[in-house]
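As written, the chains take the letters A, B, C and D, and residue 1 is the first residue of each chain.
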Amino acid sequence: MGMAITSAQNKAAVDAAVAAVMDRFGGTGIEATSVEHSTGKHASFLRIISPPRQWLGLAKFLRFDLGVNHCSMVTGTHFPDGAEERGWEVAYHFMRMPVKNQASGACVEHDAATLTGLEIPLEVEIFIPLAKGDSPVVDSIQSIWVGADWNEKETWDLVGIEFKGHKDMMRVLNPHDSPLGFHPLQKQHKLRYHDYNEMYDDAQGFERKPTDSGLVK
Amino acid sequence: MGPQHPMTHGLWTLRVKVDGETVVDTEPELGYIHRGVEKICESRDFTQIVPYCDRLCYASAMTWAHSYCYAVEDLLEVDVPERAEYVRLIAVEMQRIASHLMWLGAYTPDVGNLTVFVWCLRDREMFLDLMQELGGSRMHYNFPRPGGIKRDIPPGFANRARAKIALFLERMKEYEMLLDESTIFLVRTQGVGYAKAEEMVNAGVTGPNVRAAGVNYDVRWAHPYSVYDEVDWTSSVEKPSSVKGADCYDRYRVRMTEMEESCRMIIDALDKIPGGSDTTYQSGDEKIIAKVPSRAPEGATGHHHFEDSRGESMFYLQGGGEGRGKYPYRVSIRSPMFITIPFVAETMIGYKIADIPAIMGSFDPCIGETDR
Amino acid sequence: MMEGGENYTVFNSRTLVDMVGDVTDEALKATKLKQLIGTLGGRFFNWAQRKSLFPLHLGIKCCALEMAAAGGPRFDAERFGVIFRSSPRQCDVMLVNGPISKKFADPIVRLWEQMPEPKWCIAMGECAISGGPYFQSYNILEGVDTVIPVDVYIPGCPPRPEALIDGFGKLREKIIRIGAVPSQERPNDAPIIIGED
Amino acid sequence: MGDWLRINDWVHEGSLFLSEKMMNLTPWPGESEYIGFFIEKSILCGLIFGGIMNTILVILWMERKILGRLMDRRGAITSLRSLWVGESGVTAGPWWQKVPYGLGRPIGALVGFLNKVAGNRDEKHPTVDRVNNRSWHGVWFLFPGFFQNLADGMKFMTKEHMVPRKADKWIYEIAPFLIISSTVVILGFIPLSENFYAINPKMSVLFMMAVFGVAPLGVFFAGWSSNNKYTLLGGIRSAAQLTAYEIPMLIAVLGVCIISGSFNLVEVIEFQHQSGSWNLFLLPLGAMIFLIAMVAEVERIPFDMPEAEAELVEGWWTEYGGMRWGLMFAAEYMRTYAACFLFAHFFLGGWHAPFAGVIGSIPWFGTAYLLIPGIIWTMLKAWAIFVIFAWLRAALPRIRTDQILEFGWRHLLPLSILQLVVAVLLRLYVFDSANMRDTARGGFAWDGGFGLFLIVPIIVTFVFSVLFVIYSIDEEPGDVGRPFHAQTLEPAGTHKAGE
């Protein structure tokens, strides 16, 4: 009981992070705000909107100065109907964990209420809007967070966002022999039988051939 | 190894290069049950997505559905009634026990003992029965709803849960007798599969696997979301045995203690639940489910970090899809095992072939969520 | 010498064996002994086959856990001779318990071809029957019967372990009805669906 | 002290009589001895193999039931009942009408009769019948679960025979037969009773141990010829493991032979009886080593690394299906069974009833007790050993290959030499050959010269038990360091000598 981060700690950490980011990157197009979750404990998190040019510098700042050591997720989104400068968007989610390498037979015995400064867990959300086009490119952060490696692979595989500087990019979820440029989560790909009539008139599939007939036995 | 191989706990391939019996290089290969859930969810409304989230991970359906529900509540700006939060906590912790039991059951055949596997299945049935009372189904409960829960806890549930947990805690001693006191089990798991805390965190490994290395980090207290700050529990952290990090035995111990903590949490939550654990509200009562708008405005986003039984799961939703916002525009799922599997594959290098299942199993892979 | 299937020609004894076999066969046919032995032994072998159905230990998705639970104490499929083996060479039944993705279509056909005749296939769960909740997906086949012939369908998402055991019961009924014939010679008209009768 | 069930003598006399009668009709009456020998051996082999093969069903059944019970399950409950009641009400119809010459009519009548006695009871309650069809309710004499293995074996016969395309066909085909034939040969040398054995050469122990070592060759052949990485690894592991455990096992057996003064199995057993004490109490360490090594030799848990299911699918028999696999499966259990027999013979006094002297002196009961044929005692002892095997399988996880080998070479081998020394000392300085007796009670050769009956076995067993207890008490959990780190950063073969 009582072993959770209080909202005061949370607010303090996020405010300090916002101040640090704005202090370092103010005026470069990077916007850092403190946002509240709209449910539950209404905890705050740090949201940064960054142009792609500044991304690598921001990432290094987060990793080495703010101690954000855990890359949670990379999400790419396709906005074919969006604004010109936001045809694609990459959303990153990071976490800060109070981690040290442990000596033998020891562990971090801390009380959550006593954590201060950079030890307080922090949630970071970063949006990077990319311009419209066929080949969206963003810098890879594979070398900063190892955990971003497979996340980026997946984002490229499903959404088709290229990560500049990523070594060993390959398909992870789709078959290796998928056609070049096939990224199923792009919006021009419809769900296979999305049409209502097609779905229900011939629900058993007696007349319809799967789109992949001939590809498999 | 794979895709059909008893080691893999699902369908995936691990290409292993060996020199004699020593593993020299590994390369995981996923995607054998990639189902495109993220794409399908873009044409489902917010309630229809819950069953898909159930089916993400076959060993812990409840946690994934809850993970989604918290994210969609963040998107739709809903506050959940407190009683519903308590029931959710009970359901999630029971699912965590069942999932860890399934892990233990799958892990012990990896090191060669079939008895514990069968016993774990036996005890898992108790918790499946309890969850079946909540959701109505054995595995995919479809229990939480955006804004609350589908049904309240049924009459007599609390007493049955208490009795079964008391029995289960007795049975856990049997497991510990059979495993912790067996020298063979110890030599198979101790000193095998070291993973360092800092490397794991950097590589994105979360949950029990990283807590086994002595890192006291748990989303449940670091980013408190449900009523976890009100019930009585402590994060189960194992002291690693070596500077090299946590070995398989540590990961086994951390899950065992986590099951005990979950039992404690459930009992405590049953005592503290507002309205009392003996009352049952009708489905749709505002005490257990809040009013939820069915559309999300364009541009709204919601995400939620959630402590799944395998690590930190997360949903990231963008509102404003088709049907004027009735569907989400983009659903993105963070699977803990997707990030963990490449790390585990590297961990194995240098060990013997016989250690591959021991190491792989100790990280608790679940391919359903990995491939999505 | 080792190529093709012509290994027996080394001693040129194949023809001899064939000839002796043919003569014996004719003699047996003439005395109807073959029919006698075939009918009598056939029933016993039929019994043996239907009482010992080894499914392949192949866990694809959710139903794999119900498959495991069916082997556990409460349901205990081993009572009925259902024992899970890991190698396809030693199995009689392929229990397909999940969606078949495009990537997995090839391996599962290979697994099916590695199993010796007579063999059966049980499609367990909606995903294996028709694609289930993922039938719209870009990566999922519409049921396993698009790649391998299915004998018994068990609906449910996932079916309970009792349903799985009942599925094996239905498979036994099928075996007693049409005999333990290889999968190519089996009448393809009426797959069994649990819950129909 | 003799056994009234003198099967060897009966068969010998009977076949001699038969051959004399037969040969007197031919122009070579003097050859009847050889013909008689041939007939005798054929009958005996048939009896021995038939007996052992049939009782293997008991072994398999016991394992399933014991494992099932330990795992809170029932185990197999298949019974022959479904032969006549069909499956869930579905039958094959009056199939006996297809049998030519009307020979099927008695079968039809039999089926009808069985259906009346032990068939579906009530057509109005199909669910009850369906549940009953799975099992034996009310019909105890159908031995539920016993025929599961019969069904398995018959099924293997009908399975398709497949040879992998890349396999080395000849060796692939030969390997299972190598394994099973060498196993069957062992069974021929096992006496089931004082007067019931197929053959009893003077050096039977040596020969048996030699034949036991042939099967690993077949295993290695099978693993290599399948041309599969799992089977190859399994075969290599098997070869390494069997070599490592053969030596301690042989030395343990050597201890037994030294203390008994014979390489003949029958004489080893008779010695145990006549000297008054089973070898188990004289050489407890040897018995333990022999048991452990035997578990490893027959590749059962915890030493089933060659067929480790978790990493090597099914080990060296992954590529075998159908009857070839059935043969290897049977050979596995035959070896296990042979191991049980050997343990019973070497250490548990073979066919001699336990406490024959004490119980035999009870007036009426004792007489009846001594009349129990030795073959029953042999079987019971072997089955009791098999219970230990099954128990181990349920209780223990699997050991890693390097740990298996290390345990074999570094622990079992020195211990086996130690027990060899103990055996030599006992035989040379303690044994009193003058006190051997061939009575129901046995002799008292182990009185240590003090006239105290069985003083030596008691002391040895007590000392061993104390040492074992001391050894097996765990130290404080906090004090024990973890085992050494097993990670090899340099791959094998890259080490240089002297580093």
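Just so we're on the same page, a residue touches a chain if its C-beta (ideal position, glycine included) is under 8 Å from a C-beta of that chain, and two chains touch if they have at least 3 such contacts.
Here the structure is a predicted model, which means the values were calculated and not measured.
Colleague: Looking at CA centres, what chain is most distant from chain C?
Modeller: Between chain C and the rest, the longest centre separation is with A.
Colleague: Could you tell me which two chains share the largest number of C-beta contact pairs?
Modeller: Highest contact count belongs to chains A-B.
Colleague: Could you work out how far the Cα centre of chain A sits from that of chain B, in whole Å?
Modeller: That gives a centre separation of 21 Å.
Colleague: Distance between chain B and chain C based on Cα centroids, please, to the nearest Å.
Modeller: Centres of chain B and chain C (C-alpha means) sit 34 Å apart.
Colleague: Which integer distance in Å separates the CA centroid of chain A from that of chain C?
Modeller: Centre-to-centre distance between chain A and chain C: 45 Å.
Colleague: What is the distance, in whole Å, between the centres of chain A and chain D, each centre taken as the mean of its C-alpha atoms?
Modeller: 61
Colleague: Spell out, as numbers or ranges, the residues of chain B touching 2 or more other chains.
Modeller: 5-6, 31, 34, 36, 39-40, 43, 118-119, 122, 241-242, 371
Colleague: Give the residues of chain D that touch two or more other chains, as numbers and ranges in rising order.
Modeller: 71-73, 309, 313
Colleague: What are the residues of chain C that contact at least two other chains?
Modeller: 72-73, 86, 101, 103, 136-139
Colleague: Among the chains present, which pairs are found to touch?
Modeller: Listed by label, chains in contact pair as A-B, A-C, B-C, B-D, C-D.
Colleague: Quick one: which bits of chain D touch chain B in the complex? Just the residue numbers, please.
Modeller: Residue positions touching the partner: 67, 70-73, 233, 301-302, 304-305, 308-313, 394-403, 474, 482-489, 491-493.
Colleague: Mind pulling up the chain D residues that touch chain C in the complex?
Modeller: So the residues of chain D touching chain C come out as 64, 68, 71-78, 82-83, 86-88, 90-92, 95-96, 98-101, 103-104, 107, 130, 134-135, 147-148, 150-155, 157-162, 168-170, 309, 313-314, 317-322, 325.
Colleague: Which part of chain B faces chain C closely enough to touch in the complex?
Modeller: 3-6, 9-11, 31-37, 39-40, 43, 51-52, 55, 58-59, 102, 105, 118-119, 121-122, 124-125, 138-140, 367-368, 371
Colleague: Over in the complex, which chain B residues touch chain D? Could you list them?
Modeller: 1, 5-7, 19-22, 24, 108-115, 118-119, 122, 178, 181-182, 184-188, 190-192, 194, 241-242, 244, 247, 249, 350-357, 361
Colleague: Give every residue of chain A touching chain C within the complex, in rising order.
Modeller: It comes out as residues 174-175, 184, 189, 191-194, 199, 204-205, 210, 212, 215-217.
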